[in-house]
Structure formats: C-alpha cells, structure tokens
C-alpha cells in the first residue's frame, strides 16, 4: 500500500532529541504517505509525544531532519507549519474555555485563510471563513452546538472540538495525540468514526495517531510504528504488526504494566 | 509558559460572551450604546455645569479604558503602567502646541497617536513575551521609567510644574472667545462624546474581527492557539499598540481638561486607578470599562465630598469587587439578566 | 452603591442651568440677598502625603481666624463658611476646584501649596473669574507661561525670596569659609531655582568658590544615607539645601550621624515648615535657618502672633510655621479688599472683579507682621531668618538673633523677570 | 579610601533596608506564587507602630539602650495582621494572577488612609535614640553603630531564613509545598496552614523591617506607594521568589544608587530602571529566579 516512489507528506530522517544527558528520542525514521493512517504505539515514556513535538516544529530536533511536503521544516515553528497544513490535536482537553464552538473553529479558519491581521469586519460573517466553519461543523456533527461556549460542552464533544479545530485548518496531515483518552470505550469508536468520515470529507492527506487502545489501532490503522525508549522498534503494516508476537508483547505488556 | 497562561485564562470564567449572538449581546449592546450616547448628549441640557465638567474626565478615561481592556479583558494582560500613555497623550499635545504651534485638537490627537506608537513599539516588543505578574511588573517599570524621565528632563517637559495644554480649536473652529468652562462643557464635551462613540465602534469592530478572535484564543490557551496558526506574541504586541493609542487619545482629552500635562499622570498609582475602573465596570464585558469610568468618577466625587478618607472607601470597594463581584457591575447585571431570562 | 450614585444627578436636576450661568461667568450672588447669605470661602490644601504638614498649618490658622471674624460679624456683615478640599495631583485638584466654583459656588478660593497645582489652577481661575488667593508661591518659569498679568489670582509671595535672603545671610556670616560649596536640593523646579539663585548670588559678590557636589533628591525619599555619604566625600565648607518636607530633618539627622555637621556650615532657606522636627541633637548651632514670613518665637512679635502661637501650642502641642501666616494674610487681605469695594459701592455687595481691583495697594496686619499687596498681585512680606542657637527651652533650635528683610529689597519688582533682576540688582549684605 | 568605604557602607546599608523590605515578598511568592503590592504599606505600618510603641515605652522606664527590643516587639506584634490578610487573599488563590495585583492594590489604598487616620498627615520619626550607640569608624569612614546593626540584622535574617527553609522540617515542608502543592497535600501537608504561616511570616518580615529601619530615617504616608517600585526593582533583578535574589537585587540597587550619587547624581533614579529593564529583556527570570515565562 505504501509506495516508496512518491514523496511522503511528512518524513523524518534519523531525528533525535536529547535534554542534557537524557535522550528522549534517537535515530527515528518515519514516513507518512498520502492516504495513510499510521498509529504510533509504545509504552509511556517511549518518546511518542516528543516525536510529535519534533515533527510539528514545537521543539527542534537535536539530530536529523524533518521534511513536510518535501520542505525541510527547520526554522519554521508550529504556527507556520499549522497554516501550511500540518495540524495537531492534543492529549489534554484544552480548547479555549471562553470561546464558542463557532469562534474556536473560526480561529483556525482565519489563520488558514490568512485573515490574521484583519482588524475589522466580523470574523464570523466572513464568507469563506464561515464556509470552512460550516463544513467542519457538519463533518463533526457540531451544527447545532455552534454557539455553545466550549467549556460547557460535554467531555467527549470537547475532545472532538479539539480535533475539529485542527481539521478546520484544512490540513494535509493531522497528528492526533490520543483523541479518545478519557472517552468511554463505548464512545471511542464513535469518535474514531466521525473523525475518519471528517478526514475523508475534508480530504486530509494522512493521519498519525498516538493511541494505547490496541483495538482502535488494529481496526483503523494502515500501518503501525512502535516505539520504546526513544527508539523505533517496529514499522509494519497492521496485519504483520499484530502477527509479530514479541514486539506486541513489548508494547502491550508494558501497556498492561502502566495501565 | 502554558501553565502561567492557562492560569490567566481560567480566570475569565464569565467570558466575553459578546461573541455569542444572544439578545443581550447583540440588540442589548447596540441599544446600550445608542441610549448611552443619547443620554450623554442630553446631560449638558439639564445637569449642573459641575457634573457636565465631570463628563470630560469620564470620557477621557472611557476611551483610554476601551484600549486598556483590549489588553486586559480580551488579551488577559494586566498592565500596571498604562497611565504612561495617558501622560504621553497629554504631553504630546502640550509639546505640539508649544514647539510646533499646533492649536487644533486634530493636530494634537495625530501627534499623540504618532508618539504613543513610537513609544509603545519597543515596549510592546519586550512586553509581548510576558503574561501574568511579569507583564504587570514590566509595564509598571516602564511607566515609572517614564515618570522619572518627565521629572529629570525638565528642559523638555517642565519637570514637576508640567507643561501648559492650551485651549485647542475644534475642526479648525476657534472658541477662544468662550470661557474655558463654557468651552469644556459645550463644544468640547460634544467633541469628546463623538470621539468616545467612534472609539467604541472601532473597538467593537476590533474585538469581533479575526484578529480579535486570535487575541482571545491566545489568552485562553497559548499552545493550542499556536497550533491553530495564532501568532500569539505578535497578536499581543498589536493589542498593546492599539491600547497605547487609545490611552494617548484619552490623555489628550485629560490634558485639555486640566490645561496642564504633569508627571503625576504617569505615576503608577494612576495606572492603578485605570485598573480599578476596568474591574469596577467589569473587564469581561465590552462596555464594562466605560461603565467603570462613569461610576468611578461619580463615586470618587461623592466620597471626597463626604469624607477626607475617601481612599479607604475606594480600597474597600475594590477589594469587595475583586473578591465578591469579579464580574464587576456589568458582569453582575448580565448574570442577573440571564437568570431572569431563564425563568 | 447605585443609590448613592444617583444622588448627584438628583441634586443636579434641582439646579437646572443656573449653576453654569452663574458659576461659570462668575457673577456672584446678587447684592439684594447677599448680606444675609454666608460668605463661602473654598480652601484647597494638602492634607496627606509629604506636604500634609504645610497644609495643616494653613487650615488651622484659617479656622482660628474665621472663628474670630465670625465672632464679630464676619466679613462685610456676612458670616464666613469654609469649604475645604484636599490638594492632590493637578488633574484631580482642578476637578475639586471646579466643584468649589460651580457647585459650592464659593465667593473665593484660598490655599494651594504645590507649584504644579497652582499652575493648573491659575488659568482656570482667570477663566472662571474666581478670586483665588494662593498661599505659597509658584516657580518663576511656570508663572510666566501660565499666569501672565493675572486679574483674579493673587500670590502671598514669590518663591525664591527665602533663598535670596539666606544666600545673603550665608555671605554675611560665612564669608571667607566658602571655598567648597555643595547643594542637596529637591529634584523639582523650586529646588533647582533656589540652588541657581544661591550660586548666582555667590558669583555676584565675587565669592571664590568651587561647587563640589550637586545633588537632587526625589521628594519624599526617606533614606538619604547614600546622599550624605556622597556629600561627605566632597568635603564641603557650606551645604545649601532647600528641602522643605519631612526629608529635611531626616537629611539633617543622617548628616549629623556621620559627622557631616561637625566642620561644615548649613544654609536652609525654608527650614521653617519642619522647625519643630529639627531636633537639637542633630541640628547644630550656627545654621542659616529660614522661617519665611513668620517666626513663632520672635521676641518682637505682635500681640496677635503671640496670641495665635499660644492658642496653637495649647490646641496642637506644636508650634506654627509660616503657612499659618500665609493663610491668615490671604484671609485678611480678602477681608480688606471686600470692605474697600463695599465702601466704594456704598454697601451693595461687590463683584469679584471689583474686589480684585480693590486689593492691590492694601496693607494688612498679618501674623508675622505687616504685609501689603503689590500691583502685580504678589505680596510684600517681611522674611525672618537667622543663625540657630540651642539656648532655649525647646528640644529644637531657635534663632540666636532674628534677622529680617523686607521683600521690597529681595523680591523681584513688579513685571520684572526674576533672573534678569537677580543679575542687575544691587543687594546689600 | 575612607570616603570610598563610606559610600560603600551607605550603599550596603540601603541594600540592607531593601532586603528587609523584600525578603517577606520573596518568601510569600516563593511558596504561594503571590505578589503582594502592599508590602510597602506593611513596612510603613511596622515603622509607624514601632515609633509610637517606642516613644511610649521609653518614658515608662524602658532603658534607652533597649529601644531596639521595643521596635522588634512592635514589628512582631503588628506582623500578626498577616493572619487576617491571608484569609482575605485566600479568597482569590484560584483566580488568575492579575487578581493578586488588584486585591493587594486595594490594600494599599486602605492602608494609606488607616495610617493617616491614626498618625495624621505628618511624617513620623523617632527621637534620635539611634545615636545612643554612637558611631563606629570603619577604615576611617564614620557610620552610626545602629546602621551597622541594621546591616547585621539583614544578614542575620538572610542566614536565618536560609537555615529555616533549608534545614528545618517545617522549612522543607514549605519548599515541598512550593514545588508541588497537590503532592504535598497528598502527603498530608496541611496546605492551608502552610499558606497561613508563610504569609504571616512574610508580613512580619516586612513590619519588623519597617520598625527596625525607621530610627535611621522617618516614615510618611507616601512610602507605602513609593517603596513598591524599589521593591519591584529588587525582586525583578534578583528573580521572583528567590532569597538569594532578594539579597543580590538589594545589593545591586543599593550600591548602584550610592555610586550614581557620587559619580553622576543625575542618573540616580534612571539607573535602577535601566538595569531592571535590561534584566527583564535579557534574563527575564532575574539573576536567581526560576524561568519567568
């Protein structure tokens, strides 16, 4: 399914990140191609979040380089990358407590449309921004919640809003950090379904998902990257991965240990 | 950074619901603005001249606070040195009058706006890196730096005795024939009212613009905002510039009202009074600062009339507000209104 | 709270319009009902902060003399009623001034100590044609700009006279030991002017001297240890300081505590405001010590002053300083002015301009002694200074011998520019 | 030489006073992340009460050499005002930082008039008892013995606080709470009591400072407002919440001022602000502070 010919949307080559003595990340290669849904698994402290931080330009790598759509991201921070189509949703529920759903989405829409420095004119009634908001809201079933203040949304919805706001950037690549954490097992699939539908509707190029729940991973990903101690220990299509007992035991075992 | 930040954000519990198109926010606000302007326009017709004259400092502060609250209410940044810009406005008009013979208020305003931008630019550059207490302390330091500058460089500023701000012409029309009081309570009063109305409209535009949204996003959660393409630092910097301009315009009005630009305008306690007004009216409401300025002026006047210990009572009122009524007057009114509508 | 706030507006509605018409255009209450209506005098003086002492001295004298006047039928048959407002920053004070003019509709305003405030008030006074008598002088440069030939504003003195006199005394007493002079003065116009005056007069008299230290103290600074240390390193023969507030005794004590007072003379033109705080234990003898227009312990004082000082000492356990005299002078001058104008109008109440016109040339008996108003609305006074002595019953020094000068010699004449006058005029030591 | 020492000592003395003013501020911020704008007012309060109590006690037969004890006692007693104040401020612990500035600013207004109500407008000073100890001569530079005593007091306070925070169990508890409130709460630390204690201790440091320094100077209604600026300069330079910082900041401000007065008096005030801004721009956390942002 992965074709090595096409230039990957997101590519990391031997990236490493160390804080003083502590090495959080070491020699990690990663390719994310058009149409892929890659899951990033591994025990806590395996360096998953650090990797995402590096990939999104939030922290610069101490070794190696990262290319987004063929361009080295060195020197460009998360703000630029996010407007260039590299979006990220968070582990924590931290949308803007005081803004309504509409406004939260509009924030993203405005940066993506480069309306940042418009000092006048109601952002909400700007045609193309409103269109992006409408589309995103539709994709995430937010139509009837548009004017609710984020902090008063139900928990599951809030997580979704976080994701939705990332999608409102009309990104090529989305990095999702446990979008279903704290969501009841029953709802998890619901969240993932909406998410995937949305991704399709808004033609997102590729998704990188950090996830502990192996059912979700197995069910949705096209490829799985496993990490441990800051190193990549596996990078295989889903089926191969789940047939690879020893790696699975490392990941799952550690997981049970921590869970 | 985010820790400091979220702590700032979490405070805006009541939130600036002006974003929310409810009756109160849309119709209510427009109605309030319209009625307010009409009422203020009517004041000189019936009120005692003294209260009309109080209307001018009120409008000066109202304008300044609109800007101040873009920083505080919408940006989550509490400046404890904002009096700097009122002083700057007053001095700018004094200097432009003395050295460039500018006698038109428009000239003074332009001069004030220009100077305030020049001064605010470097400060904004430094200050935009900070939030919370550090922002407060930084702005306080800048304010006091300017205060001691005004005292030290007396050849330029007149030191403690300040500089004369002459009675200006309005729209090229001179009112020199008129007594100062008649000028202030007559044409100048209405001129300020127009300035205030414009200030409100412009600010109303700004807070709802894409930029305004980005500013609030940066206030609520810096990291998340940056991942939605919000240039948090620049956004804050611009907010500082805008608030500086508003402050300077307010300063010009104050200067003309007093007829003097003096260093005390820049003293940090004066900044404290600005903060007081914002909280009094409700910094989480668009019109809060305007209401705050209005109530503060009358409150201070009444207190001074009844006791020489008016500072004590001001302090008590502020403490009570901060602890019991953080929403300020408008915030409380709105809360009551919403409760009433729920029934 | 909100009730409280509607109050002013309700008040406002009662006096529709009239307030402005009368107040602003200053047509004072019409003669018809004038006599039976109390005469309102607004008083603006600092009550807190660094200048609080000065303000109190004035207000107390005001209340004392008003009580006396009201005992006999007030001024021109009208009982006097004081409306006291606090003097703070110019911006705030001007609002209170307007309150006095427009709302309390006072007949005149007395008081004001800080230059900044008086400079802000003076134009407003002229504009609203409100008779305004300033207790304490305002600095040269500001006055030229803000109150050129005033019609309604009167000043009890011109600020720099004290400095002129003590400079002359310094020369009289310290001549020959003034090779190294140092100045430590408040960091505002008054401080700078007095220091310039001092050095200018030294030059004028060809006193060979070197300025070894020049310091400017932020008003209200309470720790002057570093300043004192810096002065000590300069090894001055004479130190001139025009500090007037609570920082003066602090400075004196800290200077004494490092032995600066042992072999160095001091010249303090305006020490009077702090005289009771300048304790013997740190204020040496032989200091040129200025009491301006009233010296409480003057053996040659008038019975009037003696009576006042006694009353003051009994009531406040303290001794009055010159601000009491200024306040008393302004009230007496106003009284005399009103009476002269009344006489001219054969009894019907005069307008404020008529009173203003009547005041120049008037001589009145003030606490400190006789004083008169000049044509340029600055008063002529007698200034009391001298060298300090410890030979007295108090815990603070008094004057060994009272030396007096009339401002006719040491105050710039009407219409003159202070600095030019200082250049040209011939003083005698 | 002598004169140089003289200036140096003057600077150090000023620094000592500043340290006594800011140590309380730093302690409270270090543990509670609370900035108390009213620190100057508390300092003033200590000074006023100290003066009144001492002037009352001396005629009652308190031997003059004992006057520092009277001041100390006064300072300690009024320090207890920290208890109600902490309760007051505790109402906004959960609010954004800005609210601390607001609430403590209101305290400044209140204090200013309370002090005026009891002591009047006139600045107060203590009779020159400080000179009872005469003056000492260090390498030819003369200085009142009492000033040296104040310097020693400041050093003692610094060392004492260091020992208290570093060595004692209670001190360790405080630092733990500073590091992580929840964790230490979980470990059974009574956070509420800790805050009450720390804040009162901080208040007491300010009031005692005011009381002990006042014999060398005087106290006016204004200093409550004026000192805030100097205090801020010190803690910004030194770094918020750090005792070392308070000491370093105080020394820098004190010495700079002393030096400026000799070399170039014109810049006395400006110099301090320039340094403060320099620090804020280039090392926002201050010399010893944890990262500012």
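For clarity, chains are labelled A, B, C and D in written order, and residue numbers in each chain start from 1.
Quick note on the criterion: contacts are C-beta pairs under 8 Å (C-beta built on N, C-alpha and C of every residue); 3 or more make two chains touch, one makes a residue touch a chain.
The model shown is predicted, which means the values in this text are computed figures rather than measured ones.
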Chain nearest the overall C-alpha centroid of the shown protein atoms: B
Averaging over Cα atoms per chain, report the distance between chain C and chain D in Å. 36
If you average the CA atoms of chain A and of chain D, how far apart do the two points sit, in angstrom? 50
Distance between chain A and chain B based on Cα centroids, please, to the nearest Å. 42
Can you give the whole-Å distance between the Cα centres of chain A and chain C? 75
Can you pull out the residues of chain B that are in contact with at least two other chains? 9-10, 12, 148, 152, 317
Set of chain C residues in contact with two or more other chains: 47, 218
Taking the touch definition from the header, please name the shape of the chain graph: line, ring, star, complete or other. other
Please list each pair of chains that are touching. A-B, B-C, B-D, C-D
Listed in rising order, chain A residues that touch chain B in their complex are 56, 77-79, 82-83, 87-88, 90, 94-100, 103-104, 106-108, 110-112, 115-124, 126, 129, 147, 149, 151, 162, 165-166, 168-169
Touching chain C in the complex: which residues of chain B? 46-54, 57, 148, 151-152, 154, 158-162, 164, 179-182, 185, 254, 257-260, 262, 264-265, 267, 270, 295, 298-299, 301-302, 304-305, 308, 317
Chain A-facing residues of chain B, complex: 6, 9-10, 12, 15-17, 19-21, 205-206, 208-214, 216-217, 219-221, 223-231, 238
Given the complex, residues on chain B that touch chain D span 1, 4, 7-12, 72, 76, 78, 80, 126, 129-134, 136-138, 140-142, 144-145, 148-149, 152, 268-269, 272, 275-276, 279, 309-312, 314-319, 322-323, 326
Footprint of chain B on chain D - complex, ascending: 35, 88, 91-92, 95-103, 105-114, 116-117, 225, 228-229, 232-233, 236, 240, 266, 269-270, 273-274, 276-277, 280-281, 284, 292-293
